[in-house]
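By written order: A, B, C, D, E and F. Residues from 1 in each chain.
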């Protein structure tokens, strides 16, 4: 709409103050600079900050569009993607509780994010903690923040990252499904975000984060994590394991059959997760550039290969390839490629797919039964295990040919060999993440237990959380029964 | 593909006629102008119409891509988003009827739109009505229409707006669900589009519309409505109230229990609505620019806050936060932020979210029971009430800092204070919309009643609309029962 | 993120070798050329290859973003779109088998694609077959391949095309649902891709393909197929017919009632197919340009009109418009417009919609019963018939005004008249596709029958494929029954 | 657990009522009112005089003779039988075809699982 | 509503047949043919000689002993009993394990809710 | 098919047990153990002493008096009756309200569709 004109003139107005060079009375910026700036937009290159061109303060449409769509896709992963993937796997009497947990966490985390979460995670500050300067998203406007995306609006970037902050605790739900109090979940997540997620996000992605190997030259650990192998999957997966152990098994676990009440919903959720994950992985390039393009390819290959691998392993070992197998494989592939997608080649992705289809399979089918913990929907087996393998494989398979930034910013660590120095950095990052998640969750769990109690009563669990905790039933037949 | 070359040359060819300046034989446009035009694309600024650069007649890829995706997202809101959100809430015997209504309306409205709807709504003409010059979408091609989007193809814009025209009458379905004749719905919608929707869309968004406060300096009412608080939600919501009153209550309403046959479908629909709504709200910027970026943020915050608010109110008042509560809150948040999203700040959005979670709650839980009308799925409580509050709050919370166009085009009305003049303009717009919807619907309803009758027979209603009106059942068990 | 700077410098580095003109020591490219290149990005025009500007080797953000989103949308069509559309139509005991087939084919085809499928289909080579130079996606990186998209990363294009290669065999599943062995399907698809799909894709879309009328001046057949009427729908549809005939009817076909177990899932799938199809059709422009914009409009109009037409035909002939009718019409419309979407006008699209709503209807309701073959979910009636009509109508309705490339590259064939020469080219293409699909499928079917057998045992078919072939059930009630 | 002699007598009856789904609430209330404290409800499909409908899915037409009904089973003491049947008939009646049936049969023994109470105490 | 003396006689029987789902249509037709005008059908799961299957969901394996069956209940006059049972058996038979059962029991009274007709007139 | 005289005797009984869904597995095993080779299971909703819950959907509140239960039907020879009932009661008992009931009634005849075997051989 005509607003554009209006907007342009405003830019002009603003600029008078900010960029004298651009003000009517001042000499216009050199044509050369203006063209360079335009080229920078196309290649997602650094902006001409010395000369204030008309582009100053403006996001680049291609990149901005991609980022907004990516943010929407990541939300789609949680609502309804994850809600369906998990919801389909629980018993009918608990389907709504899973959905309520996803919805409740979405609202809660969004509020925390606006309050100060984003500021703590992404504002520069300490190596493991930001500041409160962006509290209430103050000053987070449509002008790009070049620390995170030269051509993407800062407010869009903050919302994009919020979607990550939402899905991470939502992943934990899978392990404690069908027995944890709704109030306990809300309280747990609230504390967990401050103790585990915000710090971890800052360490790994914050511009001065201590594990931000690519963008922070002074990082203590020169690790890399493109889209959240440590921040999202390891943190949620390991926390999930601890929490489900402290929580205890579901009544009748191992005795009564507890088959998924709807594999159909589960499969639908899987499809949505896969589609949405492109926003998660390719979107993490914060631009529709060459890096995003590579991430798109690696994500696709790894996921498809992992899905097929898992299914075929079942075919060979059990005689029957199951839907749940194909779905679990796909999700495992997506999880394992997450930290690697922006750094590995197509063949690297295929290797990752093979491993992602095999190792989590082993954990979900065997290890789980050996130890006998009740990780209801295998959050640990898929996300913790997958995220950890992913972080490690990223260290082994990251290649300069796949991402130019490695050559520039991590020359010493990425030597294009399987045992390149980066591997050790990744191991350090894995260790640190692991500790933070395990210790943090243990402490929080006991606090929550003391305050509101973790578990619903036996009767509530027997009748189902839907009726008892939310006063609803998932399905009603004619006559309202 | 290589077509590009071809295309370029064509542009050249065309240009010979249209833009001599560009023709081979004529002097080429000044480099300066060409760069300015390129910059205009990036900032979504006004095009260089004086000098015909190579960009002449071409849309801008970033903006065009965003608009196409946004249009697809808005369609996603109706199919299957709304169909699921509503369908999950009806009784099992009527699930398909709701879906048929959404599908039927989609086809019907698309045809009306192509016939002359778009032309009436968006071609300049009278203050409340366009012309027929774009009938059959004649002349609506890939070249941007700078009245509505300097860098978005005109045909894409027309399709984008068509998706709005589709979902609006589809929203009405919620109020009259489970008892209105399919034929009556088709007839009602056909007339309603001409009497209520097309005129309203023209008044509010048409470049010379009488309520287009931002872009029409001669507007009689200097109101603003970014994405359709009045055009979409108030119009459908108030019409829905009238129609469901004239139609009467469902058999057994208040006596038999009529719980949602599948809260699961309802929740899935909610997630899709939320995701699709980004196309609805951010897409209304008709560019992936700073305004869209802001709309993306405000939409996210308002929705998340409203969802959480509604759920927590239930938690406090009823002891149980319900899925339907979280879902209703999310939709209410989306509705209320719709007219405001492009004009308010992050904090404004949070305030809107709080109000959106509270007031519609009050209407759905209390007011409805006081008056006892049978607004089956609360179209009135959520869309009419939400849309009206939204239009008002937009007046109160619109800020120059959130949208530069306010500063330029509505200086006198937006003074950055709660009781700025804009508020009164909004009230006028609310009044006008209200009258049009109520009067229009009343008249149409009685016409339709006279022609085909509004309501299905008692027997049909008892057996369910799926079997009687569409000859299908939603679900079949083994053995085909 | 800061990577951009890094990336830019790398470009610089690389350039030293590749484009001396750009190297620090060499004279910089003329400003004029740089601007021309920027304009080329916006208009999706040919790149300045003579002068190496900063854009060299870089994709264009707007186009790249659109292509990535389009690829995700096409995946969405299969997972979960098609899985739901088909899954809803089968009996409850076979719902998972359909989903497993979609998932299995996705993984399998992705691996074949990476192995050499992409290389065979898209690398220049023979008129009907490429080479193995891109095997393992070697050299398929983020730099655009100007043969297919001047401003879209090559790896993104390859993934986009992979999504087509996935959904095509998945469409066949509809005809042979509820009775074919999972192992047989995997084997059949593997061979079928090499015999039918890869060659056909090369002939129609390969830069030197023998039926690539638009981009290959030396094409033997100057046919056009914008998004896959022949490659995707005819190939799968006709193969489906042959396969279901060889396979034989389902037990009890015609005797027992076999109503869709969930029209709800079917409708949800339809909505997803429609939304995803925008990636399929508009995305086939491989740019967010004027051609994509036109394809977006034609796809929308044809689909909406076809859906409404089919429903209304039922209304008139059967007295009841069914959901399945509206859904079938929508899918038929999408199928028929597929080859035409980039070449016809809005009115052409409406005509196509009308025909698409009528002829497939006739085939599904009458022809099928006359011949009595058991095309379980009407893959033939909708995709084969629709694809064939579409290819023909494309010949009749293609207009220079709709796509500039026709004027430039097919002047002799597109004379803007109903019986323009293009029609005969289209008929040739139809004939060739038909033969390839029919002969190929027949041979493959008998090979597979000999190797693993095509059909499951009577007992397996009676109990259902879910339990017998995949060891799962679609739905479980309380108590695990 | 022994039931001496009980099996010869018939002091309890089982009432099976097939009704229209939307009548369930009314019937339930009617039964509670006359003191029937328990019942078991099943979703069923009924075939009878009430004619079904034709369903058309593309080429294939089916006559759906089975309509959704609800089956109520209540075991009552003989003393309550007449009142119970009367209450059901009254509450379930619409006068239109398809209202359903009530069937009465003998119950030899009833046990309340929780307490092992038998006979009338169990129902 | 009184049923003098009726309750002593047994002039109606209830037939419960458990069959394979895909046989429903045939059985229904067979019954209609011999004049049985009504029946009630329920979706059930059956456990019997027909062996179930193993379902595997990641780590957990279940043997599914319960297979989908359909239960047909038809109350008929004694005079019709033999014909009805024979018709069901004939139509439902595949000869394979799992074909199901037919059970016959007494019905003391039947009432047609719509008309309050009783006894044989009611069924 | 004729059943001479059979219909006068009562040598088989039908056991109907309404139990809590999660007890199904245990009950099934208990019955198999004592040699009951077949049973039919139905998903039902139960109304009884066990109080229901309130469901709230926006403005409308419902008291859900019907709770999910499972109905097991097993026809057994008289000789097995006591053992079977005892097994069910034992396995289904939690001691909490809502455990359910067991009802016993006479079966006049049973036929195995596959073989046309009758009486005890059929069950």
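Here, a contact is a pair of C-beta atoms (placed from the backbone, for glycine too) under 8 Å apart; a residue touches a chain by one contact, two chains touch by 3 or more.
Given the structure is predicted, the values throughout are model-derived calculations rather than measurements.
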| item | value |
| --- | --- |
| Those chains which touch subunit F and also touch subunit B | A, C, D, E |
| Joint neighbours of subunit C and subunit B, given as chain labels | A, D, E, F |
| Interface copy of B-F among B-E, A-D or C-D, judged by whether over half of the contact pairs recur | C-D |
| Distance from subunit E to subunit A - Cα centre to Cα centre, in angstrom | 55 |
| Mean-CA-position distance for subunit F and subunit D (Å) | 16 |
| Cα-centroid distance, subunit C relative to subunit F, in whole angstrom | 53 |
| Multi-chain contact sites of subunit B, meaning residues that touch two or more partners | 31, 35, 38, 41, 60-63, 65, 69, 73, 93, 256-260, 318, 320, 322, 324, 471-473, 477-481 |
| In subunit E, residues with contacts to at least two other chains | 22, 25, 41-43, 45, 55-57, 62, 66, 68, 96, 105-106 |
| Pairwise touch network: line, ring, star, complete, or other | complete |
| Contact set on subunit E toward subunit C in their complex | 20, 22, 25-26, 45, 53-57, 62, 64, 66-68, 96 |
| Contact set on subunit A toward subunit B in their complex | 1-11, 31, 34-35, 38, 41, 53-55, 58-65, 68-69, 71-73, 75-76, 78-81, 83-84, 87, 95-96, 99-100, 103-104, 106-108, 110-111, 114, 136-137, 140-143, 153, 155-156, 158-159, 162, 182, 265, 469-480 |
| For the subunit F and subunit C complex, residues of the former touching the latter | 21-22, 24-25, 41, 43, 68, 70 |
| Residues on subunit B engaged by subunit A in the complex (per definition of touch) | 31-32, 35-36, 38-46, 60-63, 65-66, 69, 73, 91-93, 146-151, 214-215, 256-264, 267-268, 270-272, 274-275, 278-279, 282, 285-294, 296-297, 300-301, 304-305, 307-309, 311, 318, 320-324, 326-327, 329-330, 346-347, 350, 403-405, 407-409 |
| Parts of subunit B lying in touch with subunit F, wherever the complex brings them together | 89, 257-260, 314, 318, 320, 322, 324, 328, 364-366, 368-369, 378, 381 |
